[in-house]
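Have a look at these structures, which come just after this line.
Two complexes follow with chain A in common, the first pairing it with chain B and the second with chain C.
After this line comes the complex of A and B, so read on.
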């Protein structure tokens, strides 16, 4: 009895924290299906139109799809920026798969001169906040004439060093005996990478990709510094521009912007957890 | 012998394409930034440490550096403690698998929510007449104008905790599960209590993991700028004017000399902080670490 009561006592704060963590998503969800006028009546005080304080309802009183329709049919700029985000994300992930995966494999499984130094470069760069590398990136992109193109965001992202670090952790965990056995059977090194490295380390690759995907969805610093033309902006820069006056539309847009990330999160949660755990624990 | 050599070349071939990109986009230009930090912006003449002196004597820099340090000092311990509590709580209810999975998923959700999607909510919650003050009002507490007073610092802390707790909970859980169960059993046979187990087994065995958890939390703390910038713009309330704001603003003014010096300084500061942490860890438990960590770069290998 006592034990059960204790467990319930533990559960209450845990559940409260969980509700708290997901509440923004719930808020966006209800806001999406609320009419513009209903929202205005709740947040009037914030807009300076009403007395008292802003309030909210868990369920819309008059559910409507008006804002969703407006967003999907009458706002081409939203779609444009949605695609910009998609292009940036795809570009970065493709680059990571193409260059990051082999690099992680090479660092994890081979001994060659300079390996330690290269590895240290990766770790050091991984630890640096964007502000340290901002000017460096700007100088290169400027010299290449890539500023104000989507490449300016894609290329540095494609070579960022965090995903290779995660993949490295997973590749290190593959038993050497497996690779030796393949070598004895006459498999070439490239063959080993494709037939053993990628399949056995796949959870590491997926983990790194899921983490990088989420990172791409909320990239703010890079596009705000490297992209001047508004037409190239990702959603993350566009959303804060919608004022509180159009709160209904803004809520709806925020919610739609959230959908890809949530989908990836729900389908790849297991990998996400593995990827996070891999940064702290040796396999 | 020949095979050995060929294998070395293969390894290098795997790494080179990726590393070339890293070198082109990050390493080589950083050397240029390092050079620029010692020359004048106009005329490119060598000027010694003048840029660094300008940076240090800049009032905005001092404010931003102070705020950033204060933010780290408040947030890191708070985040680590809260997430450890949550992780311990979660392990206590782990037998109920469904509940465990749902709770863990819920904690991780904020990580998946793009920063831009919650900007509007933050504005509504922390407005002078927003949700938070409305709730406080019910209890008869007078609210604050959160974003336009010193309380903005609290908002920033809140945003960071909300976003990162799930991430660190997963890190803690991974660390906790890496401690072999047999050790606890043995200790229990010897009559150790729960607290003894925690202090004498869990914490010491998790040392390498804890180091990485601190480092990762430190790195993520720089991303709090996103929310701050989107909610409050380039010139927010003084107490949340962070180094990131300063960099952005200098960048917009194209003061390359100052930003170069500041980038080098920040790089040294971050590196120094992490080395310092490592030193503390190694110093206090030298023997243990020697056996489980390899070389200077211990935790990362």
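After this line comes the complex of A and C, so read on.
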């Protein structure tokens, strides 16, 4: 009974916290099927158009599919930006797989002069916010002639330091004896990397990809700085462009933009937990 | 583990389907956007003169009309013309029955004679009345003088008698005062006083009678000398004789012409008031349109075009596809409803009275620097405006949007409109046509004209 009571006592606040954490998603979901006038009547005080307190209903009083129809049939710019986001995300993930994974393997399994210093640089760069490196990135991209192109966002993301850091942890966990055995069997370093390193460290790779995917979906600073042409903007920059008078449409667009993230999270939840746990392990 | 794997596979499938759906709706949204986006034709403001062509239908009418009159009461033997017939000077319009005309002439002559005799009788009566009046006056005067003389004598006698009575009375008083003695003094005195009173009364009566007699005699003289009321019967008679003589003259002229009523000038018959076998009335027998004074093309200009027409404007008349130029607006009259009644003087033999034609006036205003096609001009309750094309950088690339610009219209016709300068730049693109309804802020696509 004590255990049961304890569980209940623990579950109640946890459930409350969970509801509180999920409430923005519920806000999006219900707002998707609300008319603009109904939304305005609820959140008018927040927008300064009404007096009193803002309220919200979990069930719309007058449900409507107008926002969904407008989004799906009458908003080609939304889909254009969605595919921009998809291009950026795929480019960054591909770049991470191409460059980040071998870099993490090298740092984890090989000893070479300056390894620690390079690793320290990785840690240092990982801790620096975008605002610190923004100017140097801008100058480099400008010199390369990549400003106002999607490569200006893809390349810095492809060479981001955080995913290799996650993968490094997992690669460090591979037993050395397994590698030695493969060497004894005549496997080369590249074969060891592809046959042992990637399969065994797939958890770390996937978790890094998941985290990077979520990062790319919400990327707003790099596109706003490096992309001037609206045609190249990702979805994260489009949503703020929607006016408050189109609140229902904005909520619907936000919910649709959330679906890929939800799917990716559900797919890689297990690996994500492993990745977060791995970052907590001190070397 | 199995559950996690199943969840991963399920989530992956949802993601895959999500991308498929997004791909499909990407295409669908592009297609629907292409349907809803209006296609517009644009133009640049240009410099142009606004011309106004006023076209109106009218009819050719007579310029001057006159009446051919005939004496009333004559029997019409024959009518030789019909409505709209063109006649030359001297052409016979109608013929009067000669026998009845001669009878009419004789009748008038007799009437004149009767009037003359009547006048003579009236003159004789007037003379006699004058003589009688003079005689009566003379007699009245004589009577007055006689009466005055007689009355004077009577008054004089009464005055003498009165004086005698007074002398007798006052003398007797003096005698008494002097001390004379008389018997019955008082009786004597009373008798003399009574006599004096009687004489006084007789004198007063005489004077009164004199006044009355004179007054009556004077009245008689006045009555005899009073003027007689004016008698104009002789003058009236003379006037009537004059009228009859004029009628006689006209009848005689008509008789000399053989009873034929002719046209005095070349003209067109516009009205016939006589009929064969009927008698003429007091109105004109025939009305004619004088061709020597030309014709007139009359037309009504509608109110919207009234501002572009003025007297002296050159016009072109179109009849049966043929164009006749060189005419000018002669008169213009404003009507209450804002329209105009205009007329053009015609001296062209190509036109005949009663014909219909179309009038065309073309006027060009001063050149305007900012002119757009009429289709580009829009109007709402407040003002005139045009839609200007703006290029904007959007998510889907460079797109065109329309912006409303209020303008002031200086002049316009059916094809172009002249706007006030300074509002539109020469390189701005103005929407002149659209295949859909557009409003300010609408996204549009350019369509080649």
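Couple of notes before you dig in:
As a working rule, the second predicted complex is superposed on the first by the 262 of 283 C-alpha atoms of A that agree within 3 Å, B and C clash if a C-alpha of one lies under 4 Å from a C-alpha of the other, contacts with A are read in each partner's own complex, and residues count from 1 in each chain.
By definition in this document, a contact is a pair of C-beta atoms (placed from the backbone, for glycine too) under 8 Å apart; a residue touches a chain by one contact, two chains touch by 3 or more.
All values reported here derive from a predicted model rather than from experimental measurement.
Steric overlap between chain B and chain C is absent once the structures are superposed on chain A; the two fit side by side.
In the superposed model, A:90 makes contact with neither chain B nor chain C. Applying the stated contact rule after C-alpha superposition, one finds that A:233 touches chain C and leaves chain B untouched.
In the superposition on chain A, A:18 contacts chain B only, with no contact to chain C. Angle at chain A (Cα centre) between the Cα centres of chain B and chain C in the superposed arrangement: 110°, in steps of 10. Judged by the touch definition given at the top, the superposed model places A:267 against chain C, while chain B stays out of reach. Ranking chain B and chain C by residues of chain A touched puts B first. Legend: residue contacts after superposition of the two complexes on their common chain; A:123 is shown touching chain B, with no touch to chain C. Once the two complexes are overlaid on the shared chain, A:80 sits against chain C while remaining clear of chain B.
In the superposed pair of complexes, A:65 makes contact with neither chain B nor chain C. Measuring only between alpha carbons, the smallest separation of chain B from chain C in this overlay is 12 Å. Shared contact residues of chain A with chain B and chain C: 238, 264, 269.
Considering their complex, residues 4, 7-8, 10-12, 14-15, 18-19, 22, 25-26, 28-30, 32-33, 36, 393-397 of chain C touch chain A.
Note for the complex: chain A touches chain B at residues 7, 10-11, 13-15, 17-22, 24-25, 27-28, 43, 45-46, 52-56, 95, 98-100, 102-107, 109-113, 115, 118-140, 155-156, 158-159, 161, 164, 189-190, 193, 214, 217-218, 220-221, 224-225, 235-240, 242, 244, 247, 250-251, 254-255, 257-258, 261-262, 264-265, 269, 272-273, 276-277, 279-282.
Within the complex formed with chain A, the chain B residues making contact are 7-15, 17-19, 21-22, 24-30, 32-33, 36, 86, 89-90, 92-93, 99, 102-121, 123-124, 127-131, 133-134, 137, 162, 165-167, 170-171, 173-175, 178, 208-209, 212-213, 215-216, 219, 222-223, 225-226, 229-231, 243-244, 247-248, 251, 256, 259-260, 263, 266-267, 270-271, 274, 297, 300. Across the interface of their complex, chain C is touched by residues 72-83, 86, 229-231, 233, 238, 259-260, 263-264, 266-270 of chain A.
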